[in-house]
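The following pair of complexes shares a single chain, chain A, combined with chain B in the former and chain C in the latter.
After this line comes the complex of A and B, so read on.
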């Protein structure tokens, strides 16, 4: 197995993704959202720069999610649908290498897009910071805004890994998309649900439901861990060790999903 | 081309129907979901919903005319929800501490602020607001002192805060204490839209404090309390009856204190 083959496939995936209409649409939407954020923030009161940062980071996050959901499932499904996968697999390349190459290309596509959107978000925030009508503009934690965007990228990479995993066995791209979306929704709420279950409200919940919720808490990825938006906007402390552990958590989850995806994909019968 | 032209009246018709079915009155109060529903349904975009509720509260607060009881009730719920969705956001606590008590929602305001103490533990403003509420509205100076001392001990407290707190306690009249508090608050506000209403309240209370002081002088001179503000004008203590910035009319209550028909809330004109 030559790593050059995976790199070549990743490169092809990246170029293919950039040519997709959906990609262009998502990027245009994200840029419009960022431009509109200034107008929307102006409708607010008090610390309008906080609202600008909320909108900016949400635009970055939303872009990452849209790209991860749609491009992840779409590009693999396209290979299967147009049978171009046979051409790739006929080369001296295993199915594991196909998964690695495809995932690498998708991650590069999402990473480059998020880097571009983050840069645009930072420029827009700087512009609103300089032109705000506030008496004492608050300090903006620029470094933490970049860090929050890096963790948005990690979250998008995890969702991409989920979409690759589901695409490895799902019969249709729509099914893979729905499954990824379902895991995202569960992953975003497991922490919140466990908090509710530990509150006085949870006393009334049935033990079966509690056990199910706690099971979900341990099985599904806790995506709320990767959400640093509030910490960046409010300039809250971010201990480096905790950040490293969180990044390691996401990377381990991604690797586990890709290994599982490879295992399933190898068993999959190609028609 | 003909089909293209046909779409124009259809679009106009839909636009007209939209306006008829959902007229924009500016008085719409969006629903307030249960906090658990709001927390779960907004996934990682909780801050955006919190921002939205604050913008709506600001729209009602800054709007013309007095807030209706339904609006006050909605604002109370929206501020509690906004603080739950984004517990580090200062604005819900600002509005809870400085708007709700003046609209009769003191206990709710205290409850929201106490939750804010857990999340913005470094922020001197939340104990400062709480201290004033206990001092001025609840008339519990010991509890007020506890929170004000907490505010002064915060590492981020401005250097003038201990002096301001000391002045708050040295003032005898209630108006004077509120004036000291509002002057301090006015110095902390960034947004001109928030500074305006505080300045207006400050102006009204300054006038009321002055009238009360002049009424005491009148009483010392004539050994009787003035019945109306005109008595003060006639005796030369005032050149004219001052206007209430809120559009109401100042008067003496039976116990001799000054109050206004506006209740320090915007009076609808006309």
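After this line comes the complex of A and C, so read on.
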């Protein structure tokens, strides 16, 4: 059976998202950030190309995060608030199809935006590479830059899944946004906390605190695994197996969140 | 013949805080026959929208069940037979009317030209063919309502459920929607709708259900209610006390006239009593109760009870 309803909903979500003022604002901001990063890199004392790549990838990451946080919670909340969801759920489709369609549209929106910003970043890097007056211009790992952007997209997709999950039961978009932000902050730091706990410093930590921190490490997504920015800019080795495992981890986490969201949303009443 | 829509002992409680609960529906049971128009009327908070949302699986019953063409309403399969117009329909308003209907068609599994042809057929039917390529955000309330009806009919459903289809419309808009509903009946569709505009219900429904505080207090033809005759007895002067002694407790004063409404089967008994007391009868008029009066009476008796 073709997922026609899901695709139709994803398409409408994508179109709706692209017409949102918040989306246009974020995209304009991202482009300005990229242009500014070129100017800042030009003024820097260090290697202009490394600074350009670093700032460019940061701009891509920042755009992905902003879009995931705001569009994820906003577009579902808008459906519930304006009650346009009634028109969709009254059709012979399950609540799971709604979650899948909405998530699909949001991922497409973020994916297309990140692809555009990445392309802009690569063009800017290429321009600086060609016009640089360095005696020994470093080799730019173009493939790793693209790979880093793909992993930024994976991270944004995971945050979108989090926002869909929280929107499936939160009574207000602000609450969903706050919960997503909280999980993001925890997810960004669990890896470091785990490393500290496994270091000699961790021996002095109380067992209860240690158990809590390790519990958080296993429950919350380890978002630092998806950050390849430094490796791409400094051309560090990226073992394919590690990349595949990381991607699989993110995809499994996303699927688990969407299944949970569906389960909760099936029980949600549309008052 | 199988009922198009069967509601059995439907009860719905809403939680209010930790302990309190609001009872929205109390054991509502009714059947809507195929091809009929049934209007559910009641004041705000009577449970009309709750009933419709349970039919559409937007809310879940605390007790009881709903069947659509013999299928449990909880199943998506049941909604293949249903078209739904929510109260104050809201759309993805960056889309045009045509795009929205095509989107609805895709949700229903329609492909390519099939959806486009159906969309334009419906746009013509609801007289929106000139606005089909206009963004929905530019539509007037009446146009949006008609587009809402068109999307409800996209999958050619056998049953159309509408929540307050005439609310917020001007008299012309209401007449247009009434005509549309009547034209759907000609297409042998079953219509179930809620309204608090009793005149509209009276004019287009085959049967009417009156819902008061979650209870169905009347279910029958509007003509049966309207044609039940009553008599209005007017007596010159204030004779409420005497009438009260005769069991007519609902006598009222209008100016210098005492007025009392009498049921047809009580007429001769009351008249004998009044004549026996030599009261100055001003007039005796036969009258028909409008649906508004029946409705007010039902609300009154429920509240008193």
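Assume the second predicted complex is superposed on the first by the 266 of 271 C-alpha atoms of A that agree within 3 Å, B and C clash if a C-alpha of one lies under 4 Å from a C-alpha of the other, contacts with A are read in each partner's own complex, and residues count from 1 in each chain.
The definition used in the following text is that a residue touches a chain if its C-beta (ideal position, glycine included) is under 8 Å from a C-beta of that chain, and two chains touch if they have at least 3 such contacts.
Just so it is clear, the structure is predicted and the values come from calculations on it, not from any experiment.
With both structures placed on the common chain, the touch criterion links A:232 to neither chain B nor chain C. In the superposition on chain A, A:185 makes contact with chain B only, while chain C stays out of contact range.
Considering which of chain B and chain C touches more of chain A, the answer is B. When both complexes are overlaid on chain A, the residue A:19 reaches chain C alone and has no touch with chain B. In the superposition on chain A, contact of A:94 is made with chain C only, not with chain B. Look at A:158: by the touch rule set out above, it reaches neither chain B nor chain C.
Within the superposed three-chain model, A:10 lies out of touch with both chain B and chain C [touch as defined at top]. In the superposition on the C-alpha atoms of chain A, no part of chain A is touched by chain B in one complex and by chain C in the other. Listed in rising order, the residues of chain C touching chain A in the complex are 14, 53, 56-60, 76-80, 82, 84, 86, 88-92, 94-95, 103-104, 106-109, 111, 151, 155. Residues of chain A touching chain B in their complex: 43-48, 50-51, 54-55, 58, 61-62, 133-138, 184-185, 188-189, 192-193, 196, 201, 223-224, 227, 229-230, 233-234, 236.
Residue ranges of chain A in contact with chain C, taken from their complex: 4-5, 7-9, 11-12, 15-16, 19, 82-84, 86-94, 267, 269-271.
Those residues of chain B that touch chain A in the complex are listed here as 36, 39-40, 43-45, 47-48, 51, 54-55, 58, 62, 86, 88-91, 94, 189-195.
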